[in-house]
Amino acid sequence: MPEITMPRLSDTMQEGTITRWLKKPGDEIKRGDIIAEVETDKANMEIEAYDTGTLEQIVVNEGQTASIGQVIAIVGSGAGTQKQASPATTRTRTKDTPSSAARETATRSVQVANSKASRSAPGSHAQTLPVACASDWQNGEQGDTNNSKIKASPLARRMAEEHNIDLNQIQGTGPGGRIVRDDIEDFLERATPILVQPAVPQQEVPVVATAMHMTDVEISTPTSMQKTIARRLTESKQTIPHFYIGNDIDMTDALTLRQMFNASAGEKGLKISVNDLIVKSCALALEKFPEINCSWMDGQFVQHKRINIGIAVDIPAGLIVPVIHDANIKGVRSIAREAKTLAEKARASKLTPADLEGGTFSISNLGMIGVTDFIAVINPPEAAIMAIASVRKTYVPIDGQPVIRDLMHVTVSADHRILYGATVARFLQEVKQLLENPYMLLG
Amino acid sequence: MSTQQQKRLDAHKATGTETSQLIHLLEKEDRATLTHYYYQMVLIRHFEERTAEMYNRARIGGYCHLNLGEEATVVGFCAGLEPDDYVYTNYREHGYAICRDISANAVMAELFGKQDGCARGRGGSMHLFDLQRHFMGGYAIVGGQLPLATGAAFAIAYRGSHEVVACQMGDGATNGGPFHESLNLAKIYHLPIIYFIVNNQYAMSLQADKGSAVGELYRKACAYDMYSERVDGNDVLAVRDAVRNAAKRAREQHEPSLIEAVSYRFRGHSVVDPDRYRDEEEVKLGRAQDPIPTFAARLLAANILQERDLQEIEVQVQQEVDAAITFADESPYPPADSLFDYIYAPDDAQKGER
Amino acid sequence: MAEITYRQALHDTLREELLRDENVFLIGEEIGAFEGSYKITAGLLKEFGPKRVVDTPICENGFVGLAAGTAMLGLRPVVEIMTINFILLAMDEIVNHAAKIYYMFGGQCPVPMVIRTPGGGGQQLSATHSQNLEVWFAHVPGLKVMAPSSPADAKGMLRTAIRDNNPVIFLENFALYNTKGEVSDGEYTIPFGKAQITKEGTDLTIISYSRMASVALQVARRMEQEKHLSIEVVDLRSLRPLDHETIINSVRKTNRAIVFEEDWRSYGVGAEIAALVQEEAFDDLDAPIKRVASLEVPLPYSKTLEQEALTGAKQLTEAINALAPRRRRS
């Protein structure tokens, strides 16, 4: 049955009030008849019929208001059916629903969690990093040599400057990998520009934590660095399945080489240390065993393309591990120079974030103190760490004869999620080979 | 005395037999008034000639449109009005400003862009203004002044005062929209306004009857059922009388009028127009109808003035214009930090009737 | 206090000013006998007579210029231009004359004139009846441009406009006329050049004016409910002069901004605001400023195309979702 609806009588009209019906139920209606008067926002208008028939029922009475398109009356054939019309509340203006807002948000957060646009060349592993670990880790790819500019919002730059943060160590989560305020805030919250490890692993100095012997104790608050060390190494020990492989390395020839080198260097010249040789040999060995130059991140293997060796330095505030980048391609002298500088900066508390980030393998050397052997805690997110003990004169059989050689015990702690015994053992063999044939370190 | 001045003085000798016919028309006039008209015409002539010189000397910049040849029209127009009446003009306005009692000093200083100019250096040649003297501007947009003038007349009718508005324009303005809209509004609202067309027969380079469907521009008033007439722009008294009558009609009946004064532009459209588009013979003829020697001849013939009076007037005028140039030279430029003055009128700016 | 429509607020202000100052008069097409195309001037001809409420023929150039001329002699005309689309016919009188007379004549002659006109699209009136041209006037020194979004603002700002001694373009909007809001009694004025923070927030700022400011407020409230986003809404109210301070302070606070405007994007109001924000608050920006505006087409008649072209709550919501910071501040 044809329905008569409220017509739109002006461009701004949204509803109208029937002021007078000129027809009543039962009346004949012809197309073109004026059947009612309606008051709109602008004027009083007339409603014209577009149908012919009998007015069956008035749905909107005088004095009532209806929206445009709403049924106001029913026209029939005259059969007298008094069907109750369900007022169709069609509104001409549909409310704008936020179309895919919810979906979009979900997508965004998943994107944020799962992938980060890498700043460097495509195909890098950065895309699988979750936010939390990414901020102080730089992927090894030097990729975009043309675009060394980091994308960061002006606000993020300002904040980074204020807090002395190197933007290189921050992974941006903004569009196109832009570093934004959120990323800086994340970074500051973690507050870990420093990678540290304890001086004596697995030997915990009894820390006063309980209330049991409060009268015999002196309580002090750990520094920010100490808190960070505590947190990170606890995390390391709790989450990384450590295994350990040790070996003795005959350092006699290496020491000789060192002596010769240093003698020719003269009084004021650059002196190389045993540690410098160890750094170089580890770096070369890592070239041969790249799987050790790896990280475990969020269930994925992350292969580092650069070899950056961290060297632990003992400082008054605790321990700090500056990094020598690209140790595999640097000569021993460069390494020595750099290590010296880093150690000095460390003691003067002048290390920059750039000095501290990017490490892929660490070395902890307690040889100068007098240690037969020890085991280090892995420095996350690295796959392994090498503990260097003291060089000791030891009798070793050479061609059936006891000969005094300078032996140095070395232990590698490794992450069993990434590495297996055989690999680490072979790696250690390689290091040993290099140090026992130190001329291979030259160049 | 310059060559031009001498030529002017000699030109009236060329007119001969007509003078007797013109003498009696001057009998009803007041001697001082007629002398004043003559003085004004010569002043305008000399002022404009010196203005062209100053422009060439780069003391005046921008555009400069001169009333040379139109002096009778200018003086007649102004003379037909009362001091309180409001005047709107186009950009060819120096003469009108002077005849409405803005000093030659203030006008020249404005042309030089100085602080003591009648628009404080902000307007220049095309935007002279003096609120107290009801000289409501010089306007550079052709026809732009018409709706404004019509509005001023509307305000007069609104508040019931007795001034009239006289709106001067060129022939070109009659072809544009604002002309038609304004005349229509003036008629339907019964406004006290005189629309005054100075038909110097060229709208820049376009001849008046080529740009207008109707060559006799006063006839356009019929579209608005408005009184109109055409008058000889070179006859200062005829112009004055036409304006006076229109003013009376406006003042007493609130009926608008359209007057077309036919004159001739001696030079190009502006000081930078080399005027190559006009026929040389025509220009010669036009210049020969110079209203100043014509009027001088009439005054001499009617014994209103003597030869020596004419000479004296030349001298006075020269002094007045020299003084104006000196004044303009010595007036300072507006300071740079006054750049933002007058963008917005403050809350306590002059309110009420103006 | 009363809840009245935007239309009613304008009407009341016009009436109060007509009563207060005999120099105020209204002029425009259909404002008298027809009571106004949008009924803003309903009843005023009857109350004040044809001298104070003047119907004009269709000649915007003529009657806007006429109004300016009356203002030169001290009257205070309030011109109604039926829709902002028709203002183009009067551009010369507004921009070359009204805006410049006070300045170029050396400060002798103020032009105290108001031009009221609605903009906006969405009623299928097609291209020449649906534009938003306010930015053309906001560009011109010598003019003032106002764009209130609520009945309360409309009342106070129209009063200020009428009492101001300068030419004021007073932008209304078709779809705002029927909106309602709380309005204080009495003759209050709202100063020009002061934006209003209609909602405070910390995560991002929406800068808007006229009808879009009203939409922005609704969207912001909804986003707060649904997404726990704390959005600050700046209702400019005044385009020239523009309240730099409020805009900059807000962006300094939230670091992220959207300009939400009904006009076309290129060279629009948002272009000015984006430029000014990056000039004055560069180091506080955490993201580029987003402009959400209508698509750059002559507005088509067909309903579906028209809806596609016009910006609105949907586009604003999308922009908010794209711009909202990962970490919430609230």
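Note that the chains are named A, B and C in the order they appear, and that numbering of residues resets to 1 at the start of each chain.
Criterion: a contact is a pair of C-beta atoms (placed from the backbone, for glycine too) under 8 Å apart; a residue touches a chain by one contact, two chains touch by 3 or more.
Since the structure is predicted, the reported quantities are computational estimates derived from the model, not experimental observations.
The touch graph of these protein chains is an open line. Among the chains, the centre nearest to the mean of all shown protein C-alpha atoms is found for C. Centroid to centroid, with C-alpha atoms defining each point, subunit B and subunit C lie 42 Å apart.
With centres defined as mean CA coordinates, subunit B is found 81 Å away from subunit A.
Contact residues of subunit C toward subunit B in the complex are 23, 25, 51, 54, 56-57, 59, 61-75, 92-93, 96-97, 101-112, 141-142, 144, 163-166. Residues of subunit A that touch subunit C in their complex: 11-12, 14, 41-43, 96-99, 101, 104-105, 108, 112, 153-158, 173-175, 180-182, 185-186. Residue ranges of subunit B in contact with subunit C, taken from their complex: 86, 117-123, 127, 129-131, 136-137, 139, 141, 144, 146-156, 158-159, 177-178, 181-182, 184-185, 188-189, 341-347, 349-354.
On subunit C, the positions that touch subunit A within their shared complex are 38-39, 123-125, 174-175, 177-178, 222, 226-227, 255, 282-287, 312-314, 317-318, 321-322, 325-327.
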